[in-house]
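Provided herewith is a single structure, encoded as structure tokens, for subsequent inquiry.
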Amino acid sequence: MSYTELKREVYEANMELDKRKLVTYTFGNVSQIDRAKSVVAIKPSGVPYEDLKVDDIVIVDLENNIVEGSLNPSSDTKTHTYLYREWSDIGGVTHTHSTYATAWAQAQIAIPCLGTTQADYVYGEIPCAAVMSDERIKGDYEEETGAQIVECFGDRSPNESPMVIVAGHAPFTWGKDAAKSVYHAVLLEEIARMAYLTKTLTPEIAALKQGLVDKHYLRKHGKDAYYGQK
Amino acid sequence: MSYTELKREVYEANMELDKRKLVTYTFGNVSQIDRAKSVVAIKPSGVPYEDLKVDDIVIVDLENNIVEGSLNPSSDTKTHTYLYREWSDIGGVTHTHSTYATAWAQAQIAIPCLGTTQADYVYGEIPCAAVMSDERIKGDYEEETGAQIVECFGDRSPNESPMVIVAGHAPFTWGKDAAKSVYHAVLLEEIARMAYLTKTLTPEIAALKQGLVDKHYLRKHGKDAYYGQK
Amino acid sequence: MSYTELKREVYEANMELDKRKLVTYTFGNVSQIDRAKSVVAIKPSGVPYEDLKVDDIVIVDLENNIVEGSLNPSSDTKTHTYLYREWSDIGGVTHTHSTYATAWAQAQIAIPCLGTTQADYVYGEIPCAAVMSDERIKGDYEEETGAQIVECFGDRSPNESPMVIVAGHAPFTWGKDAAKSVYHAVLLEEIARMAYLTKTLTPEIAALKQGLVDKHYLRKHGKDAYYGQK
Amino acid sequence: MSYTELKREVYEANMELDKRKLVTYTFGNVSQIDRAKSVVAIKPSGVPYEDLKVDDIVIVDLENNIVEGSLNPSSDTKTHTYLYREWSDIGGVTHTHSTYATAWAQAQIAIPCLGTTQADYVYGEIPCAAVMSDERIKGDYEEETGAQIVECFGDRSPNESPMVIVAGHAPFTWGKDAAKSVYHAVLLEEIARMAYLTKTLTPEIAALKQGLVDKHYLRKHGKDAYYGQK
């Protein structure tokens, strides 16, 4: 894929974030990696969506050096590249401050699996990365945000939950490309909204039984999946 | 009615779901039965609404065999056909994951009748089908979902509540045809939203007195109805 | 004013309800009285807004007899005419099932005055008419709804609160004409939403101090008002 | 800047308030000061946004005398001019009754800093000006509203929180010009909404740790800022 094609896909994924009403002003950014070339295309920092153009998209390498582009890349670039370096399966990353997902992040608790809507996309709960220590904040903050995310997954595959909330901050989502990471950002916001409503209606509700989580996740994922078209 | 006409009605009812903003991406599906021909037209599995065409609608028989169509029918098809087989009065079925109705389903409690908005359409509470046993989950899951719904009605007519929520999952609604089942899905979402607001504002509120339920339900339904035009 | 002009004003006020998103399907109706002719123009029963035409508006007298029109008037007509007969100042009445106002009605409590947004339009709380007795429900239900509303005002002028919620049911609003009653329906919904948010955030919050209620209400109403243009 | 240019900027900022859905009917007003000429352009009182024209904008001096314009200025003009007189850094002021910010004002509590979304724009909590004493209400009410706002900041710079809520009333925001004050009004509403959701989900949640507030505020503000483009 040429840089121009890569930039166009990232541009369109960023505009989709705006169209789906997940961002206010310049909040949010989407990136995509070209694994063959080891470069990442990402939104420039602080540019409003209505002014964004394909050529504004910045190309960086995995050590965050600018390869092509005249603007500064997103201030969250180091979080994106950290995730790409650690998780070789993922091809796109999205960061938003979408309302309900951010409320859960501010509440500093993982989103429990309360229904099949979540189980269709996530195998169990949506993890919450810990509040960062003062020492790490004073270090390389955006890089450490990536590290906090990877740490909270432990042995769990990032494919089992293509989304995370970072305590006191906001969500990150990922997928095979930029478009799919935006798709997961939209789903996370809707899942977070349903979970908020459920918990405020019945604070004592327990997580969905494992049998239903298995059934719904596995009818869409893995070798026995039977949802959708071939 | 020809298959083409049946597919057009089902297509339009599915698009209405999207237009009324009851679905995110591919969530949700609508079907309609032709009782004379014993066939059901239903949305194909996993096709986004913006790509859906009339000819994508799949025709199946009541044992879920494809009669016409090149795509897989909705993965929820067996739930739809179960309801058509058990309830001879109904002509259309809608399944959504609409936000507030799904929150009640995740809370695993029936929606009490708290006001005349609900009583205008439902005679009493909106039932909540039980969380499925592990045994049934491992059996024919979508068929068992239909069975759980019918069981939770017991001796109650499905006409008295053209809507149900399935615990841990989401709502199903029905009506004389596909369009009417979508109409009930829209009403359920609005009723569920009002009930959520009422219960979070005053958790101790009791159900509406029976005299008002009778008055509102019966001024719209049955032999003494006087609402609307002749 | 000719019947045609009266019907046009009522038609436009009904369409404004729909445009302001206060109604789902056929919920809601607006009327206006011509005091000189002692006739009321009102929405027909059960006609969807997208199909409504000026000539569908029904003219009735104050005893609910049809004066002009081929459709049945709203099933709530007797509530409207009761209010016009009892309160000679009002010229228009709106009934909706708008979401937040209906949630307060279902909670069966008056909306306390929690801020100046409410005090700008209502002098104190927004009253809640009582749940109707079984005897009255079995009598002339829609007429009794009007009576319940007037009773809950007691000696208070309907100008001090151009809006009421009816317990277990929904709101009614009024004003000098149909358009102004719709204006008050829009304000009520926004006020009810703010009050819901305030009470769920701080359940113990007390009503706004009387000095602020006086200041805000009286800077917009009465002889010393100084808001707006001359 | 000519009066015409000043009026155009204020007109456009007022229309942006409406476009961003922060106002219902005539709620809300925006102003901008020309420090060189010591005049303020402000929305006229009670004019609906759909009728507003550039030439309707009123020019007043800092003692609230009309300098140019045939309409009455906003009834809140004295609050705006008070802020301009006290705080020489600010160039634009916005007043709204936006829903979530007003709910916090009605709850009469400062909005705690619960996440980095707030810390990106506000250094700590968003203050809540006290409920006004009866004596001050009976004095020059709108002037005293300005005084209450300035008092609640104490030694804190208005740049550290370009937004405030006034107990029992609603928010005011400011910035280097009218457009920036509207920008802050939009951000405040979104921040207030997230804070509402967080507090109703987890009432016991504490404020974000100071290290994260510092990091996010200072990466956007001050000499070491690195967000956005040069």
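We call the chains A, B, C and D, going by the order they appear; numbering starts again at 1 in every chain.
As a working rule, a residue touches a chain if its C-beta (ideal position, glycine included) is under 8 Å from a C-beta of that chain, and two chains touch if they have at least 3 such contacts.
By chain, UniProt protein names: A, B, C, D = L-ribulose-5-phosphate 4-epimerase.
From a predicted model like this one, the values you see are computed outputs, not experimental measurements.
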{"item": "Chain copies touching (chain B, chain C) - same or different residues, decided at half shared", "value": "different"}
{"item": "Gap in Å, rounded to a whole number, between the CA centres of chain C and chain A", "value": "46"}
{"item": "Whole-Å gap between the CA centroids of chain A and chain B", "value": "33"}
{"item": "Multi-chain contact sites of chain A, meaning residues that touch two or more partners", "value": "200"}
{"item": "Category of the chain touch graph - line, ring, star, complete, other", "value": "ring"}
{"item": "Contact set on chain D toward chain A in their complex", "value": "114-117, 183, 186-187, 190, 193-195, 197-198, 200-202, 205, 208-209, 211-212, 214-215, 219, 226-230"}
{"item": "Chain C-facing residues of chain D, complex", "value": "24-25, 27, 44-47, 71-72, 75, 97, 99-100, 102-109, 131-132, 134, 137-138, 141, 168-170, 196, 199-200"}
